[in-house]
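Letters are used for the chains, namely A, B, C and D, taken in the order the chains are written, and counting of residues starts over at 1 for each.
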């Protein structure tokens, strides 16, 4: 009998995170934030890394259980809530979606509209705080906190001291708020808006929380651990989009080039990053670079991105042709088979339909469409495929769908689980 | 015999493009560019739409064969060539990657470095023109033109009149060039750099060309029609990244929110957009909005994006679990099977390895790993998987890979095409 | 007996003002400020013009007795008080003296120091409000009001409604205040600073008041009507200097070119301008141009400036040589006479001393220095002259000063009122 | 016999300059300009100071004969020539008059007009170079050089090496020129404009030249040494005005506060300053401060300004009432005397006319107006006085003017040289 393989699954992700932790924990570059005493006194040696898979497995290394104030990372979730409450158009009447190429506390507003550039800078987050539904500051904040808790999958603490310190150091943000009120982009009162804004920053999270919150975004709004839907897939997409271009302040462009995934950093040293369908990641290390991003967090992200090609625009290798098989299979039943594999995406549908026509041209009237190896169905694929099936029905062709998972990808056709079952169905009718 | 299905494949993409063309051709908003006489006299009624699939099928509608000067869309390809010639780091020593939130002709340079913000604005493109390899302006331009021709898959014309008009109206760009020379970010002489820059703008393309050039980016640098590699996958990713945040000038953020794919527009009314692995698209309509983007081009893109959810950060539906099957299948051979499907991505590898361990725990020593339904292999998946296979060999386990396409996803293991063949191999050894 | 000359002195200044009033009152260009209801509802037909001479005569035309809130014109006097309380260096640690070339509400602070550009824009005036001495907002404002009253020579009203409206519309200024607190240039609390700032704006003045307040600046800090010193000559000079470059917002440069005197405008339509030693002027007309300056106020000022060459840098004509006479007059007493006239200025002293030496070379030992026609003595003239007199005493020369006004321009010399008296003195000693 | 007084007139101005030279020559702060080799290699120990009085006496200390390139100081004279050639309005269609609060090489243009801020920054000077009359660059430059020579009173050299070095380092200015051509504010070709601009900078001057050139401005356009009129008084006033607010770059405001006279500095370390009617000054010391102004030049100017209160807005002391005497003097002739002294300025005319009326009320019909002690006649004084004299003639009053200098201040009246002569005239008619 062979050696046990326990070391095999010794979670390869966790192992990589562990290696990174070991290597980077000696990187003492940067400075902790001096913005408030609690941050200025943070233990700069802390360093946590966690990854959450779309199915909810968390891999981790370092100080993943240490709590810290979420700070600006909350902006992504407050924006999510404002979008959920008001819709994209109403939200973006008051805040832009353009990267500013400026620092987090930039004071510039759009010339004609008076809108702050985007929801990831302070000015924009003040606006989204005001747009969140709720009678008053208390209720607005309670709803933001609830949404963050749903995304993290647990009850989150609140740091009253941080909140008070933030209030005492809030002049620049108050300036932004008054400035936007004078420009008309902030319609709420300044004081309650500041309260919501500063409270959302004072919620306590761990590195593990951030990983799961990121995975919630990566899963299109569903927390992969609890299975709860926290916000819609559309909201998740909007949030990730704005994080992609604006989440790392004036480092956003270079981040996207070297890491390539939507991300958001906070002044306490937290960093969240997520890739749709792939992963959520949380990083935490208090020392910041000149742009206000966690030094080790950025370094670890860049290492992981390069090592594993996590870039959201990377073209994966090993691609298979979308049409796996296309043949007149069972002439006795006047039937042909078209087998599809991989992703049903926009542009590939032309090839799929061409294959379907070829098979039908050489058979009598039955199309067996094998979707068993279709792993992802983009909306457009579904739509175009459904249109073709409907058309075939109009032309009095029969269609049999093979899908072991019975996903109901198209409607109005016989669905069976295997090719053998399809043959049985053909022989029996 | 049934009715012929010709209308079925009546290319659904082309049909949608045709509908859009019909609807939007009455949209007369915007103004043609007045920057040079040729553009000022352009026929504003022209409107072309084309989509190229990753396997090289082109669907189209409208005036897809009309030639127009490529203008700023060339910036994406000159950047690609500079990256190919010099590498990312050397290029970005001289030009940033940050969205500027400013107009195409913005004159701002980075305070400390003197770099222009990014390669998609005029200032940045002047820098990339200078960085392209070549003895002189003639050679540099010849190489840029060749690369565009390789991406389009045909010989492209050159509009001498446009070039001369551009020279006559080049004061602002000359100002940028001198400005950058004084700041040290442009190291070449101004005159030859202007020549390369203005010549690249004067190359003639059609809407169909743009679709294929886009598909070349979407295919990671391989022209899907000719099959030629034009630039590396890494270069394609860099170009798409910078297009994503900077390609639509100060509309980039809203474009990304409402369309969600990397894109680049030109002052002649051309627009190119691409999604990795999904499609390349070309659009052409001379009237521009206030930000200098084609009015109909933007409208058509937004319609298509919404209708087909083309957004690059959209989470597709119909996802299947990555581990399709995990069982002790052939106890007689001390073997178990783990069947994987879909994409091998970063975070999902933990689940894959866990399944592998589970199976090996309950079998003697042989793992049959069925990769036949794996449609895309991300680098990380390959890496982690290979690491696990190597580990199993160290532990003296045998591994049999099943892959009908014999893609060689991992090395050092027996590879067969079917599960039956795997069983045969087990029985024979 | 001849016709009475009453019409002669029919105050030529008043007549010109009357003509201007008649001509410009039909100029309806511009808009009243919409910043607060009281201003929005102002009677735009109101138009007042007043000039106060350095000796306290007021010439006027139009609605010179109508009260309006002083608004930004108060900034000049609050700056004067801050200078009086703290000195120039301490004040300018917190606020610059550079024209910003920007609008009144510009939000830009100096990059390194965080100082607002100058005390004539809102941000700078908030700083000077904070720098004014006083225990609290009440006392600070009481002192500012007192200083304005001393400059106007009467008790000034306060518009409580305006103050409340300003408070309700103070978001942008509150933004500036918080912004500067965060930058460290404003060290007081925001609320009391805002109170002082908004109260100083709500003091009620008339056009006549402005003329007298201007004359107080023109007279080096002495109210020419009451004779009271309101602030020092040095403070007056600082205030006029900053008014000269910054008082008319982003129109300051063109104002200086076309009018050429220090000035300050307010959003209620008031305008004050002053020329050292020449005049103070008040103008009032509520409709403002795009830069926020009173349309008729600017037009009237430009007309007067051109007609009467009021520009502060105009070289006056009719200049007489500074040395009127230089001769050996009374050889019997070994005495010579040097008669000086006009202004004793820096560069002309060389000629004066040369004349003194010439006379002494040809006489024995007595210099009679006739200063009776010296009308203005610049500090440098006094200093250099005193130095020469002292030197003559060291050399045992006698000096007799002739000055009908017995001004005591130099000390240590015999002073008589006439040349005859000088001769008497010579003959008697 | 007393000690000779030679040391008395030992030019007090020169003595002060000598003391300053001695004290400041050990001030080694700052850096010589590195913009071109010639400047980088300048002897930083050089230090010259010169003052020219309005009557053409030059006092000096240090290296006043050393030649250096005039650099940006030429901007004041090119502006003067453009004004002379085109008039104020035509010039300022293309260049503003607003202080920019920015560095000399600022690239900002006015948003709506595309004009550079003012003629004292590089961009603005390029425009004035283009506006100078002349067929081509050669002629334009020749005319600028001639004007500078007329202002200096001698033939000026030209440094060909400096010109060539400037050409080689002209990228930023070329950028400005192309930028302005694209904005429409520069209408000439770039190359000839650059040639004129760079040539004007390469003219050689000495510190003494600068003092005389400054005195030419201070004398309203008349070179006080040669007596030649170089430009009009109006042009001199415009130039001084723009120098006052824009001549010292982003130090202009503080310069005006601490020195208070119009000035212009150059990158070679030259500095020119002038006060209307008072003096012209030249300073030269190559080491520059962070704003590009000569360190010792600024320090010396501040010392002199404080010591001698040279500030243009200083109110001089020793003022005498404008009406010296007003009495019924010769009742036998039905005549009264009004004696005026000092300056006839705008606001003081009311008092003068009131005195005239008082005297005429108590006499029969003759007014003797003694102007002998009037030292300066402002345009407005002359105008108002003439109006009153005309009115008296209409009323059939006789007027006798007493003016020893027979300046002809008013017309249409008998003019005599002394009061005795007036009495004789009265008795004889």
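Assume contacts are C-beta pairs under 8 Å (C-beta built on N, C-alpha and C of every residue); 3 or more make two chains touch, one makes a residue touch a chain.
The chain lineup, named per UniProt: A, B, C, D = Glutaminase.
Just so it is clear, the structure is predicted and the values come from calculations on it, not from any experiment.
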Partner chains that chain C and chain D have in common: none
Farthest chain relative to chain D (centres taken as mean CA coordinates): A
Chain centre separation (chain B, chain C; CA means) in Å: 68
Rounded Å distance, chain B centre to chain D centre (Cα mean): 65
Whole-Å gap separating chain A and chain B, where each centre is the average of the chain's CA atoms: 21
All chain pairs that touch each other: A-B, A-C, B-D, C-D
Chain B to chain A touching residues, read off their complex: 1-9, 11-13, 51-55, 57, 59, 88, 92, 96-102, 117-118, 215, 218-220, 233, 236-238, 240-242, 244-246, 250-254, 256-257, 260, 262, 275-280, 307-321, 341-351, 353-354, 356-357, 360-361, 364-365, 373-380, 382-384, 387-388, 391-392, 395-397, 405, 407, 409
Partner chain A, residues of chain C touching it in the complex: 107, 170-179, 181-182, 190
